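Got a structure for you, questions after.
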Amino acid sequence: MSSIAFSLAELAQRVGADLRGNGAVTITHADTIQDGGDGAICFLANSKYRHYLATTRASAVILPAQDAAECPTNALVSDNPYLTYARIATLLYPPLKVVGGLHPSAILDESAVVHPESWVGPNSVIGPGVEIGAGSYIGPGCVVEAGSRIGRQVRLVANVTICHGSLIGDRVLIHPGAVIGSDGFGNANDQGAWFKVPQIGIARIGDDVEIGANTTIDRGSLRDTIISRGVRLDNQIQIAHNVKVGEHTAMAGCSGVAGSTTIGSHCTVGGGVGISGHLEIGDNVHFSGQTLVTRSFPEPGYYSGNLPAVPNGEWRKTVARIRRLEGMARRLNELEKQVFEQQEKKDPDGQG
Amino acid sequence: MSSIAFSLAELAQRVGADLRGNGAVTITHADTIQDGGDGAICFLANSKYRHYLATTRASAVILPAQDAAECPTNALVSDNPYLTYARIATLLYPPLKVVGGLHPSAILDESAVVHPESWVGPNSVIGPGVEIGAGSYIGPGCVVEAGSRIGRQVRLVANVTICHGSLIGDRVLIHPGAVIGSDGFGNANDQGAWFKVPQIGIARIGDDVEIGANTTIDRGSLRDTIISRGVRLDNQIQIAHNVKVGEHTAMAGCSGVAGSTTIGSHCTVGGGVGISGHLEIGDNVHFSGQTLVTRSFPEPGYYSGNLPAVPNGEWRKTVARIRRLEGMARRLNELEKQVFEQQEKKDPDGQG
Amino acid sequence: MSSIAFSLAELAQRVGADLRGNGAVTITHADTIQDGGDGAICFLANSKYRHYLATTRASAVILPAQDAAECPTNALVSDNPYLTYARIATLLYPPLKVVGGLHPSAILDESAVVHPESWVGPNSVIGPGVEIGAGSYIGPGCVVEAGSRIGRQVRLVANVTICHGSLIGDRVLIHPGAVIGSDGFGNANDQGAWFKVPQIGIARIGDDVEIGANTTIDRGSLRDTIISRGVRLDNQIQIAHNVKVGEHTAMAGCSGVAGSTTIGSHCTVGGGVGISGHLEIGDNVHFSGQTLVTRSFPEPGYYSGNLPAVPNGEWRKTVARIRRLEGMARRLNELEKQVFEQQEKKDPDGQG
């Protein structure tokens, strides 16, 4: 990607990092600590990569104070090197400016209101009554159904679908293939056949939310599905109807939340996690990858429930053992009884 | 969403529910039992929510007979309150009428036949030889490839892809991003490299099926993939080639079925369930969420296989214990031998 | 699907199989061994289906030498019947020829370069600086963002999104709804809120790769995400930023790989497998379905880690037992101590 060059001193000053070394060096791009060369700035945030520090050929490294002494090149010292890196990368690779306008192939209902500083791209379809705030970008192939409201500086990258009546806050970023506000899974059983339950709530996406590629967020069945401000959803996440996700919670790819569950703020949810419906997950709750959550966890904590891979032969034995746990427990009871009874007979007063 | 108002008496009469209280009250919308106010009708179907009944401010509540006495407002008594609610909500929020026509931006192959009472929306693409029955709605950005046949009163919401030759029944509802009839995963190994196996069957979707957002249903490899009438598939479900899903089976989000497996009728499959290939699942089989199904279950029943979340510290110990089950079993055998031998020595006749 | 007819002798000769029986018989289509009739060729590769051989009514069966004697009809004998079938099916059902051109509704940036022998379909959008090689097919509704390069004989079926700067090799086949080169999940924590980390690498897809419907492959965060030549990805797979997948590795549907993990060549990954980030998976590693991979597996092998479904009642007991393993272990220790001590007292010299 094309980038903008800065002196290291200017970068340090802009992000408030502590410069060690030559501030006049020109930083032209970001790179990894192991690959970076002349003009590159890189960061050291994960101790797994510390062994690359001594031999890095980058022009500068962003790192914590305790590693600064061993840095063979210029350094920016930071309490939070990854955040400092993110700020610097945003300077080096600034987001594309949105130029207002409407591609001739875009289909805009006459009742839609698009701010003149926003862009509606080729082959996008904007339905009746839609409102789009200033500085937003509707990429190619997007569909925004009737009555949806999209805030300012929103970016729908491409082929995004926003279903009718959805509310999208400011500075929301939605990646390709995501679907917001689709019908929830509501089915009443009518003597064995399913009768569709109308889904009359909406999907409400707060400010500063990022939604990954092919993620789906259903509308509410009666009231609304709510993704609060600052939430981060990775790719291929499924959020069912009436779910509420609290502020600044981050969920990794392929996780799913069933209907009417509430997740608190500042939670992290690992990849492939499944959360059952009608649960209450508190603030600062963390689930490790592929965990199945079947009860509420109102208290902060780190919760897990899956079994990592081992060689298949070992695993087959373990599965067989697990299947026989009932028998083992019975044998243990039996043994205890026998040992205890023998002991009783020999030592009826329990005086050893 | 905009709704139509009814008197409570008319709703009761239309859906065959037993009215208690003032039939003249006007019902303007549906709401939850805890939030509903003036003009709202709500339902009580899950005992988790019964504690809201005493204080509801809704104009009417749909509930079972045993809860009617405690209802502080007008009531509709029903054996199946959720179904009664669904019918009433469908009256209050009727599906949009389809107006026949073709948006000027739609691309329709000249050999395609679209019923004049059907709508083909903006930027949709309808391929050669496609037939679309009466009263169907092809939303914006949909692609219907060559030779597909779509029944009557079908609704493809938006950005849906129907691959060549697919057959879609009547009254099928398909949500955004779903893909029907894509190639199955067929690969023959040619000395380490993969050789693609042509996928020459089709996908066949029965009447009254609903398919969720970003769900994928592959075409058959030789014969067909079949989703039978009345099936309900939630979002992000993967159905592989040659799978057959029986009538009125419902599958929750993020579940997947591998190739050539047959699932019976009236089954329910929880979220995130994985079903291996070439299996036979009978009628009335139920799998709980995130269960892995590796063998056939021809008999009706409720089957499970996953481990719910617990605090991580506890979990780590459990995983370690599971890894050491082999050792525990050995120690148990050893103990049994010793205790039994001691007993033998002391009591060789087993007369205690 | 429409097919081309061949004599069995010609098919045998074209694919190098050993003909037994009447080479003059006309083969008009492929079918299953149980359903195939006059004109059908089928194959026997899975012993589960061998019982159909005696009664097949197909005109020819492709099978291994050991089954040839029992074949009641013409046979093609092959060491690898499935591969031989795949080659024959490719002759019977040849891929559609690509006719060069540009549908009038396609939106092509003036700086894009499309080979005249390639097709850009209706409502597709090709961004600035894109290059598309000879014989490629860009289906309806596809979006190819700025600066992407697409090789020769590539097929983007429909509604595929290729994000900016992606590199797609030759003969790559990408199914509907797939997203290539979307932003990875990079978030730096800024006092509880998330700050987006620019994703400045790209996605690089090698030659002869097939990518399933609604699969997502993120761009690299700094360097690139790499899918090597010959890889097969099924539907709804999630590949995070910086992942490298080695040549001819095949992954089944719904699996996910977290950031910066490297997977070797010739691996197979079952459906629904989750692989954590920053791991090293070697060549010829195989994971069974729904396995969770939390550590590196550099050595070839077959690894597993999940618990298959059993009847729910049995499962509830098993889960309860697993939860009490800690207690069982304690009781076992206690018993050992007691039995050992008793033995000690009786036999202090350990001479039995």
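A, B and C are the chain letters, set down in written order, and residue numbers restart from 1 in every chain.
Criterion: a contact is a pair of C-beta atoms (placed from the backbone, for glycine too) under 8 Å apart; a residue touches a chain by one contact, two chains touch by 3 or more.
Predicted model, so just to flag it, every value in this text is computed and none were measured.
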Could you say what rotation angle superposes chain B on its sequence twin chain C, using C-alpha positions and rounding to the nearest 5°? 120
Does the chain A and chain C pair touch with the same residues on each side or with different residues, judged by whether over half of the numbers are shared? different
Distance from the mean Cα position of chain C to that of chain A, given in whole angstrom: 25
By the touch definition above, chain A meets two or more other chains at residues 105, 123, 141, 159, 177, 214, 236, 254, 272, 306-308, 310, 322, 325, 328, 332, 335, 339, 342
Tell me, which parts of chain B touch chain C in their complex? 105, 107, 123, 125, 127, 141, 143, 145, 159, 161, 163, 165, 177, 179, 182-183, 185-190, 192-198, 200, 202, 214, 216, 218, 222-223, 236, 238, 240, 254, 256, 258, 272, 274, 276, 278, 287-288, 291-295, 297, 301-308, 310, 317-318, 321-322, 324-325, 328, 331-332, 335, 338-339, 342
Interfacial residue positions of chain A with respect to chain C in the complex: 1, 3, 30-32, 35, 42, 46, 48, 80, 82-83, 85-87, 89-90, 92-93, 103, 105, 121-123, 139-141, 157-159, 173, 175-177, 208, 210, 212-214, 230, 232, 234-236, 248, 250, 252-254, 266, 271-272, 289-290, 306-312, 315-316, 319, 322-323, 325-326, 328-329, 332, 335-336, 339, 342-343
